[in-house]
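Multiple structures are listed underneath, in structure tokens.
Two complexes come next, and they have one chain in common, chain A, joined by chain B in the first and chain C in the second.
After this line comes the complex of A and B, so read on.
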């Protein structure tokens, strides 16, 4: 089963937030939506779960009780405890006898020691994990997580990704948004958004193999028209032609792919 | 070369809580040092100690060769996590204000900032706000630049541009201390210091830090059952497209658990994987 957005346009007042985007979200897969602040990730997530109405296009999602959603700001109630938050979600979804599932989620999210702590007193990482546990509680067929790892440290991020992969392994369709390309590389499918449009979409292998021209690495950036720092060295993009001396061709990664796509779009915009 | 900044076994206690525990680090001219740690690892407290906003409980801090004094602030550029800019002032007003406070001239704006110079900062995306905060922090040509999570919320191209700018500051001879918990950024640093629960758990170039940890990559026709088995055995497998990666483990044991049909091969861990393996020990 594939859920998702087809040719979706969303306008806020006069601003076009999504401009005809296709974002398929397949069951049993983790689809990662990557982009910077203002790219349209949250709008896409909200449109998918039905919180925002598109002006045109098609949205495919299962019925409401089969959708789990975590908003960008974790969406937990600060004056309820961890257990009460989960219990409240269970009631809202009308889940019969939810206690064993709540206990299981508290255990796998590592929130056992904070079971009776107010959500407002949790650390950022624990709060995000509670948000994910709440989204997972109804055993949704579609799980939408909006920047669940922003502000999380690597340990919490690893824990969270295990929950996400675990849900996908059980057949859930997962859409996860992030600003980080290294995180996006974990996705089964990556969709990069920029200014409300899809910049690139596919598996990491596809995207990497489709980069036009070549990516090079060098210590002498001056010879390159398009270049960016990578660690103590420089990377560059050669649309065509031979690499300059002392530059070696390297296999691109997702960060390179997205930088090249953004450079091409910028060139298009300034040519228009 | 004398370090711009040196902390020697610096400890900060708040009641029973040891926020910073005997931390020693140095930042030399021209060097980018990454302070990497989990939430609550003590990064922000350490920065407050370095800036002289908090006194250490024990240990010594030398900023430009002396304990931190208010006058030293004139040689430091600092961007807090919250950017510290005024959201109801325009881009140009923010920069004029900071330049005036440091007794210098406002920086020349690049085309992207020039286009929004007269708009209040609060109306602009976080990526632009971070760029303004960075421009404000370097307008007085500081000798030491301290950045707390400088690119959180910034897109890929904005991030490489900001790191390019950080590299230029270092190339001009300033030292840079940057905190992050995103390892993609940590890899941009000349040296990283990993903090966990207030203590330094690893210190070196990114390659030195990852060199202490082993990792494997597992390819299987179906990743799902392998993922479940590894989870049940207490490992922390991470999804990587349609493969799985596990760090800080014995390859033979993973091979046994992954079962026939799976291909398990050693790989070098990412910095993030190394970090998780190091702090979980």
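After this line comes the complex of A and C, so read on.
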């Protein structure tokens, strides 16, 4: 089953937040929505779960009972304990005898030692994991997580991804938003948003193979028209022609794909 | 340091609501409360009854104002008129003297009436005076019913608005909107605990008033419960409305205080409504506590039945329907998908 947005337009106070975007979210896969601040990721997530109504387009989502959602604020009740938060969600979704599932989620999220701790006293990572566990609790057909890994340490991010991947493996359609391109590479499908439009969409392999021209790496950026810093060195995009002698051609990664796509869009916009 | 001062002024200018509170509110409050703050009694509604009512009427002087003269009314009927709040003082004449009944629940009027009787002692040597409902003219007897209302406002308005704003600030209201709840489930689920706590508070405050301050409870608990329930719906509704226009808890507290303070001073709990300048008195009639105070004081102190409290009860019911209805609508809109403008670019 595929949920998602089809040709969806959303406007906030005459600003177009989403401009005819297609974001399919397939069952059994993790679709990552990547983009910078203001790209429209949260609007897309909110539109998908029904918090925002689009001006036009089609939204496909299961009934409320089958949607799990974690807002960008983690979505946990600070003055409830870990167990109470999960118990409340279980009651809200009418889950019969939820204790074993709650125990399981507490265990896999590593929150066992904080079971009776107030959510407001958890570390940022633990709180995000609790938020994901709450979204996963009703075993939703559609799981929407809005920037669940922002501000998390690498270990917590890995733990959280294991949870998300586990849900997808059980058949859940997952949409996860992030600003990190390295994280987006973990998704089955990546949709890059920029200023409310889809910049690029597909599997990472697809996107990488479709980059026009070549990506090069060099210590001398002056010879490159399109360049960006990567660590201590520079990377550049050559739409055509041969690379300068001191630059070496490197295989592109997702960050390169998105930069090139943004450059191409900018070029199109100036041409128009 | 100047950079800090400049920054602070810049922030102050941007926070329009606080700025308005800092500059306009003290001015408004001074003017309004200046005119409201009066204990002067200008009129005491007086009824003159008994066989010599016509002659006695001639002796009645300011601040007593004769509202009713009826030689056929006997003392028991006169007492009922005071219980029902129709008169402040009843002068019941007989062939061998007169008896003045004074409504002790209207403290300042009662005190003024007693002063008036003392001054008229020479003209009316046989005048017997009886203060009803609050014979010792205790302030606490008059204040406790109104204070119970104030406590209900505190829980109903302030705590409810904070509870809803906190939910929105934490982003969990959004979470509730996505969960399989209906809008009204979230609304009633959110405010029911405050309703219960406020009810419990009311019971505790009234019990404490009765036990500690000897406040009488002469009327029907059911009538008071009805008035309290209607009043609570209004205050909870105001709390939800405040939350819907407040971005954070600080703003909610500011607004809640702006609704509490006028009720403290203009509802007749401290300053009698009759003593206020007409220009501010009408403000008192817009406040729910004014009507709850009339009901609570009427039931507890005077033992007034519901039939004589229909006006404040009806006004509170109308306020409850309007305010609570508006609160439900605003809350439902908040949980509904965000409104989108149609003017696409």
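We adopt the following convention: the second predicted complex is superposed on the first by the 272 of 272 C-alpha atoms of A that agree within 3 Å, B and C clash if a C-alpha of one lies under 4 Å from a C-alpha of the other, contacts with A are read in each partner's own complex, and residues count from 1 in each chain.
One rule holds for everything that comes next: a contact is a pair of C-beta atoms (placed from the backbone, for glycine too) under 8 Å apart; a residue touches a chain by one contact, two chains touch by 3 or more.
Remember, it's a predicted structure, so these values are computed and weren't measured experimentally.
*Asks:* Is A:249 in contact with chain B, with chain C, with both, or with neither (first, second, both, neither)?
*Replies:* neither
*Asks:* Any idea whether chain B or chain C touches more of chain A?
*Replies:* Of chain B and chain C, B contacts more residues of chain A.
*Asks:* After lining up the shared chain so the two structures overlap, which partner does A:77 touch, if you call chain B first and chain C second: first, second, both or neither?
*Replies:* Only chain C is touched by A:77; chain B is not.
*Asks:* Touching A:50, do we find chain B (first), chain C (second), both, or neither?
*Replies:* So A:50 only meets chain C here.
*Asks:* Where does A:267 make contact in the superposed view: on chain B (first), on chain C (second), on both, or on neither?
*Replies:* neither
*Asks:* Just chain B (first), just chain C (second), both, or neither: which does A:157 touch?
*Replies:* Once the two structures are laid over each other on A, A:157 reaches chain B alone.
*Asks:* Hey, which residues of chain A end up touching chain C in the complex?
*Replies:* Residues in contact with chain C: 9-14, 16, 46, 49-56, 63-65, 67, 69-78, 89, 92-94.
*Asks:* Quick check on the complex: what are the chain C residues that touch chain A?
*Replies:* Interface residues on the chain C side: 170-172, 174-175, 177-181, 337-345.
*Asks:* Flag every residue of chain B that touches chain A in the complex, lowest number first.
*Replies:* 37-41, 125-127, 152-161, 163-164, 167, 181-184, 187-188, 190, 206, 223-224, 227-228, 231, 236-242, 270, 272, 275-276, 279-280
*Asks:* Please output the residues of chain A touching chain B within their complex, sorted ascending.
*Replies:* By the definition above, chain A touches chain B via 28, 30, 34-39, 123-125, 150-159, 161-162, 164-166, 168-169, 179-182, 185-188, 194, 203-205, 228-232, 255, 258-259, 262-263, 266.
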